[in-house]
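Each in structure tokens, the structures are laid out below.
You will see subunit A twice below: alongside subunit B first, and alongside subunit C after that.
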Partner chain A sequence: MMKKERHVLSITVENYSGTLSKVAGLFTRRGYNIDTLNVAETMDPGISRITVTVTGDEEVLEQITKQLNKLINVIKIIDLTAKQSILREFMFLKINCNKENRSEIIQLATVFKGKTVDVAAKSITIEVTGDEEKNNAFIELMRPYGIIEIVRTGLTAIERG
Partner chain B sequence: MMKKERHVLSITVENYSGTLSKVAGLFTRRGYNIDTLNVAETMDPGISRITVTVTGDEEVLEQITKQLNKLINVIKIIDLTAKQSILREFMFLKINCNKENRSEIIQLATVFKGKTVDVAAKSITIEVTGDEEKNNAFIELMRPYGIIEIVRTGLTAIERG
Partner chain C sequence: MKLKVSEAVIACLELEGVDTVFGHPGGAVLPIYEALRTSNIQHVLVKNEQSSAHMANGYGRAKDSVGVCLATSGPGATNLITGIATAYMDSIPLIAITGQVNSKKIGTDLFQEADVIGSTEPFTKNNYLIKNKNDIPRVFKEAFHIANTGRKGPVLIDIPRDIQDEIIDFEYPETVEIRGYKPTLSGHSRQIAKAVKKINEATQPIICVGGGIGSANCREELYDFVMKTKIPVVCTLMGVDSFPNDSEYFAGLLGSHGYPFVNDAMNKADLIIVIGARFTDRSTAVISGKNTHQHIVHIDIDPAEIGKNIKTQTPIVGDARLILEELSQNDYSLDIKKWTDNIKYSRKTYMEETLSKVWPLEGTNPFRLIKAVSDYSTGKSLLTSDVGQNQIWASHYYIANQERRYLTSGGLAPMGYSLPAAIGARFALRDDTKVTSVMGEGGFQMLMGELALVKEYNLDIKVIILNNNRLGMVRELQLHAYNKNSFHGVDIAFNPDFMKLAEAYGIKGYQIRNDDDISDVLSQAYASDEPCFIECIVHPDFPTMPNGRWE
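== the complex of A and B ==
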């Protein structure tokens, strides 16, 4: 049986237009699902970092990593799953609310160190940052009120030390 | 003269493998630079949201939007630049530090509501969430200490109300 596991990869690339499309294409052509992905500049404006969460077979991932390394714009690939690393995800949650339950929702958000960023007549928007477990727990807590929208960045990660 | 402006687009797509690569490819083939991009599931596990920050000519963006709308897996495109929206970016900063300046750095981070997530002998890692202006100001503040690494998710956004 093939072993399916989730990996968080940090891929530094030269900021050449088209690299992102190539990297994403390489995963999908191999039947590898991209769970989340985010990309932004590093300290060097010429170099970007792609953080990608993928789930799939170990052997296929090895093949993909080899192919990624062959791409001219790929500088380095680190599998942060194997390292001591800190994982975080940022998310916005827009929740149904009314006069009666608004302060209850704000209070619950505070427990999760969430920040209320917008209040309207019938909705409230909260931002939360945390690991996946914390964020999913907060989503479950808010579900009974009626979630209007979730916007998540996907996991990002940095090596310890 | 062509008008170059930055846009934050929220693109909801069916979670079909390959959509991300196609969307990214559409921008780059038209010479449009993707500044940042992030993608994750929405409330519905079958639907993902791609938030993309792009800079370029207005007319070309209109053409790209039309082409994106033609992609079978694209459900909706919202230009959040034109709306009342909240923009945020999450980032990790790993900074050089020693016994002498460690508490100074932690204190400065607190002013920016940054959270110290790792302390090693010669480095410290801080997480910060904010709009671009705040995050860039914090980067500038930390620069003199020596920044080892920056990991950013890229901008994410949600409509108000």
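== the complex of A and C ==
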């Protein structure tokens, strides 16, 4: 058995309609689950970057990468699992709160470099940016207060240097 | 030059050298048909859109070029899908043009609307929905380039009805620039050197070829390489006509329905050079990959095929022709005569034994029939087969070579492929090539409406159906999976009178009831340059493989 590992694929594609569907469809059709996915333009408006995180063994990942490379609109694929890259995810957390514990929550958020973006009578919304581990830790920390909603973007990544 | 988009479409086809389009009209392609009417391109009206893709497939394969099919939106396009998927699995270049509903109304479920782009995504090499009228020349230039380079395949262009009427400044681009599409052509020199070394070290080498030899158009380069190394050649269904079947170095078909001695040789080989073959389950059913003594060199234009199904020690990505040329430039000193002679002897014995074996079954012996078809279609010839028992019989006993092509679908393998593929091939080969289409009566009836085209254009095709009133191969699968009491859904309880059917289509019909009729019928059929329809009666218990089993 091959070891299942988390991979972050940074895929640059030509910005034509239908490209995202072709890329995403390929994962589904080959029986591969996408954990997270995000897409945006690069500095060249004709080119977009799709960042996908997937879990699987090397052999399947190699096949997926080769199949992705065959898509005409895919320009380049980089596997960013290596240590030489910076991974970040942005998330919103809406948490139950009241007058008594509001400042406590804000304080904890500050430790995670979180920002309070909305306060209501019975809830508070905080934004946090970080790698998945940090974000997961913050979620666990907030769980006892009662999380109303989590909105995560999924990872995006860049190579160092 | 100002042109309507519909006229621009036809102009693009003309500039790409297209002379025949297989299609079926409909509301969403009216402007294209109007432009087609006044062009020099011949339009062949099919009875079912699926056939138009198979015809374009056969046309492209016979001519080593790109076939074009044309259909309307919705049902026209969905009918094409089987044909497109066939071309995709077999890596056959094809351009499919479909009409689409009004661009401003796409997605509102109009009459005859279907998401063709979405539904053909998994089996087109690329597809385009035209949203901007000015994209037409670029898209067509790209489509032909993509379809016919690298690992070849079908490309679909979906054009909304309203855009077809718009006016553009037409200028056809001379070059193509696609950032994400640059197939590797020349093989890695270090890997080639490694392959040469392995070849020289081998004691029991074998070459396994697939459809890639035909698509890279390198039958001669393969021949030169084999003549230099004297390594025996085995093939997949798609590779049958890659190498002269009458050469002493040709072993034959491998895989689940391959020759037993070929599979045996594959297992014993210490070096397997795979060229342009996918090495799919059907071919590798016999080689488990447990043979650790084997060294595998895999040459393919598609890096995704290498290492996909079988572990490869020496991968060489690139164009088979260039790589074979480079391989042939090296010196070889193999000492494999015993190995080669053994395979040669096995083939000779096998062919003699299976052809002379007497069966206690009434009707025609299909092995002998195909052998006779091969013998009577002398000279330049092209044979298409369907899927099922007929496909295996044809690929075993038809003698193919550079001038005698064998067209079948080894990948998707749809029933009904044979007749339209032969029609397409006949349109491509307007010379004295003898074109024969072999199929079962089940496959024939899937797309038999196309028989009308044979008459309409007086196409010299010998249409041969092997009639056992059964879906023979499925029946045999049931027999082996369960037992002889488990046949279900495989008896064709009613078949038309095929001789009357041929007569109804105005085509001369012959019946071969048993082996005694073979030479009479075939000599008459091939002496004439008229189409004919030949029904061969085959006993339902006639097995696919002469030994009644497969691996």
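As a working rule, the second predicted complex is superposed on the first by the 160 of 161 C-alpha atoms of A that agree within 3 Å, B and C clash if a C-alpha of one lies under 4 Å from a C-alpha of the other, contacts with A are read in each partner's own complex, and residues count from 1 in each chain.
Keep this in mind: a contact is a pair of C-beta atoms (placed from the backbone, for glycine too) under 8 Å apart; a residue touches a chain by one contact, two chains touch by 3 or more.
Quick caveat: nothing in here was measured; it's all calculated off a predicted structure.
In the superposed pair of complexes, A:Q63 makes contact with subunit C only, with no contact to subunit B.
In the overlay built on the shared chain, the residue A:V74 is in contact with subunit C alone; subunit B does not reach it.
Contacts of A:A24 after superposition: subunit B is touched, whereas subunit C is not reached.
Contacts of A:V13 after superposition: subunit C is touched, whereas subunit B is not reached. Annotation for subunit A, partner touching more residues between subunit B and subunit C: B. In the superposed model, A:E149 makes contact with subunit B only, not with subunit C. Overlap of the subunit B and subunit C interfaces on subunit A: residues 17-18, 21-22, 25.
Taken together, the subunit A residues at the contact with subunit C in this complex read 13-14, 17-18, 21-22, 25, 29, 62-63, 66-67, 69-76.
Against subunit A, the residues of subunit B that register as touching in their complex are 10, 17-18, 20-22, 24-25, 28, 31-43, 49, 51, 86, 88-90, 92, 94, 117-118, 120, 123, 125, 127, 129, 147, 149-154, 156-158, 160-161. Interface residues of subunit C, counted against subunit A in their complex, comprise 117-118, 121-122, 125-127, 129, 131, 146, 151, 178-181, 302-304, 307-308.
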